[in-house]
Amino acid sequence: MALTAVIRVPSRALLRPWARLRDAALGWIEPAGGGGVEVSAQRFASQKVLVEPDPAAGVAVMKFKNPPVNSLSLELLTELVISLEKLENDKTVRGVVLTSDCPGIFSAGLDLTEMCGRNPAHYAEYWKAVQEMWLRLYLSNLVLVAAINGASPAGGCLIALTCDYRVMADNPKYCIGLNETLLGIVAPFWFKDNLVNTIGHRASERALQLGLLFPPTEALQVGMVDKVVPKDQVQSTALSVLAQWMAIPDHARQLTKNMMRKPTADRLLKQRDADIQNFVSFISRDSIQKSLQMYLEKLKQKKG
Amino acid sequence: MALTAVIRVPSRALLRPWARLRDAALGWIEPAGGGGVEVSAQRFASQKVLVEPDPAAGVAVMKFKNPPVNSLSLELLTELVISLEKLENDKTVRGVVLTSDCPGIFSAGLDLTEMCGRNPAHYAEYWKAVQEMWLRLYLSNLVLVAAINGASPAGGCLIALTCDYRVMADNPKYCIGLNETLLGIVAPFWFKDNLVNTIGHRASERALQLGLLFPPTEALQVGMVDKVVPKDQVQSTALSVLAQWMAIPDHARQLTKNMMRKPTADRLLKQRDADIQNFVSFISRDSIQKSLQMYLEKLKQKKG
Amino acid sequence: MALTAVIRVPSRALLRPWARLRDAALGWIEPAGGGGVEVSAQRFASQKVLVEPDPAAGVAVMKFKNPPVNSLSLELLTELVISLEKLENDKTVRGVVLTSDCPGIFSAGLDLTEMCGRNPAHYAEYWKAVQEMWLRLYLSNLVLVAAINGASPAGGCLIALTCDYRVMADNPKYCIGLNETLLGIVAPFWFKDNLVNTIGHRASERALQLGLLFPPTEALQVGMVDKVVPKDQVQSTALSVLAQWMAIPDHARQLTKNMMRKPTADRLLKQRDADIQNFVSFISRDSIQKSLQMYLEKLKQKKG
């Protein structure tokens, strides 16, 4: 069973207009068979998140590298938070570009193998890590710019939404959005809050209920991304934008960012444990577990 | 005195660009002389709201039929809530199109005869029914699509705003908006909340203060409706949109809708009685009653 | 040392695309050397805010006259609030146009000489006056229309944002925005709230962090102003708009305006003293005082 087969599924799917919505959702499932990879990855823990610092420019590029689809495994989340913390403590770095090392995909979102067939303690640990990632990114003192060089559904979209600015590749096969409903699940309220802050209440209501995945042009129109450029210019554009934001005195910019975002982050902080409990009891339901199992089985068969 | 005369007033008025704003507001007054119709209608109570189910498609079309202008009488409101409840309990139905059976008008809004020359207990009963209609529609588990096939001022606009999607006929004589200030009254805070959630704070501030009634093209631009199509395609388009929304797993879509809307509905629920008291004491004022009486007299004279 | 030299700085600066952002921020500094003017102005206190009533039309034009850049000195703020109160108590006036008597500048915002080299009691008095100005304008029962006939950074922008409608001159050298971060300081939360209510959360997040100053066309696009017209039509257009708003029954319009804005004003009212304390302790910091001193020195040298 080749892991590359997994990537083929969403890739092909992305070529089909409507179907791609459902299939890209499949994209955020890493097959249970990927467990072997998990083990080997633990030996090279620092390889899920590559950090390329440029002290002269005061910036760093952070690349997600969790093939095939950069699913947000517990390991990747942990590494991401540690890497971010290191950068925030590094006086030579003031801005970071977030991008992907996996061709065609920014991140396919949460890792379903962390949410399926495990025990409640594991679900709780995983969800806490997802919360932690969001809180750290959303409130980061660094300037964060997303260089979205591939599809970015669900949790991938969330990461992009935490940034200060979003540059996306103009490939119409790529799309971005919180498509949770397509899988029969619901985006948590803080995903929703982050989206409403970005594209407004009405557009969020429609996008979230329909699980819309926007191609670049539509994402730009609705305000989900800020700029669309040819793929080979995504990273350089992100770096230019970073330079603009870094022209602002750090302290004033950071206080302003915090003023804009703290009330939203506080909503999660005030009910963080309850949110974990909600997730654990929801994901533990037989109906949800069965539905996730079916997806994983389907994926395995496709690769058979 | 022919009731058809009443409908002629807003119809003619709609042809005059600016004047139509004021005159369409008159459209939401049902003359006191219509009382005879009320009585006869009570015998055929189920006729104010026609429901045409299509179990094969899993949908129903709900048509308001309270000629001449679909004013939201206590009777219509009661029927609407009962019909909606029946549909929500009907496992064969997952989505509903809301539209009008009266030519040229979706609904002219609240029924002024319910708000004029009655006693406080009646005002309280009426207002509770208006609240109930809004709460039921706004939080409905069904997919609701408005097929706006005519003018839709004040309460008519509110009904449209509660839906998940709004399709409007492209007739420039039709218009939609919360025009309460033109009559010297004020939209309640929950009308306002629903509008802000739909078109944003700034556009609402302007539209509510000026009592703006938007022709279809402008309504589309400001986000008050989602699609404008030729009149004969309004219902079919609404049904197509319904099918798109129904492609989403019900449970996930319903939880998402609830997450988006519950905080807004809760604001009313938390102060429902106070809101009724506010309405009763406002509408009972001599100055307001006189002003409403004058409108009703003016209407009678026009029909003389 | 000629005061006219001061005005030349921002004027010239406005001609340079990017540099104008920083320099226009300098525009809101009145040099310490202007103290002599302060004294003489105190003798003619009523001259900082000119009021031209037109009882026949039921309107008045209020012109800021604090050369060279209409900086919001304690004196101007006090006069503004008194003038506004008089107009609100004047039964013949229902609407006011706010504009500038100084060529090329609407208002350059807060007066740095009030915030530099003074004692904490003065800072507290000054900040209370800034709060008072905002609260009075934002909640005014009058229709307020801004005729923005010049550059409008920082506090100048805030005044415009409190109005019911904003008309701006189409001169690309003029710009408008809350550019506080460019000076290393932070817009208070109620500046932010007013901006978010006007242009939405995402646009505010970007504009506030980057301290963006928008030329008229961009200001229109982002929703920071409502109409852009040739400079010689700014005031007449503002008066036409005023007439439109005054066509609405006052009582209904005022209640509606209050319903839209009171929650935002209440946020400041609930923590007014704490907000003053924050300002005093922030502005009293050695680092901030040094930075402000440097700006003032630089201005003096430019005029040398």
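Lettered A, B and C in written order, each chain numbered from 1.
One rule holds in what follows: a residue touches a chain if its C-beta (ideal position, glycine included) is under 8 Å from a C-beta of that chain, and two chains touch if they have at least 3 such contacts.
Each chain and its UniProt protein: A, B, C = Enoyl-CoA delta isomerase 1, mitochondrial.
Computed from a predicted structure; not experimentally measured.
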Remark   = Fit subunit B to subunit C (C-alpha, same chain sequence): the rotation, rounded to steps of 5 degrees, is 120
Query = Same or different for subunit A and subunit C, when you check if over half of the residue numbers at their contact belong to both copies?
reply = different
Ask   = For subunit A and subunit C, what's the span in angstrom between their mean Cα positions?
value = 41
Request  = Mind pulling the residue numbers of subunit C that touch at least two other chains?
outcome  = 200
Query = Which of the residues in subunit A come into contact with subunit C in the complex?
reply = 164-165, 196-200, 223, 226, 244-245, 248-249, 251-253, 255-257, 259-261
Message = If we count contacts the way the header does, which residues on subunit A are in touch with subunit B in the complex?
response = 180-187, 189, 192, 200-202, 204-206, 208-211
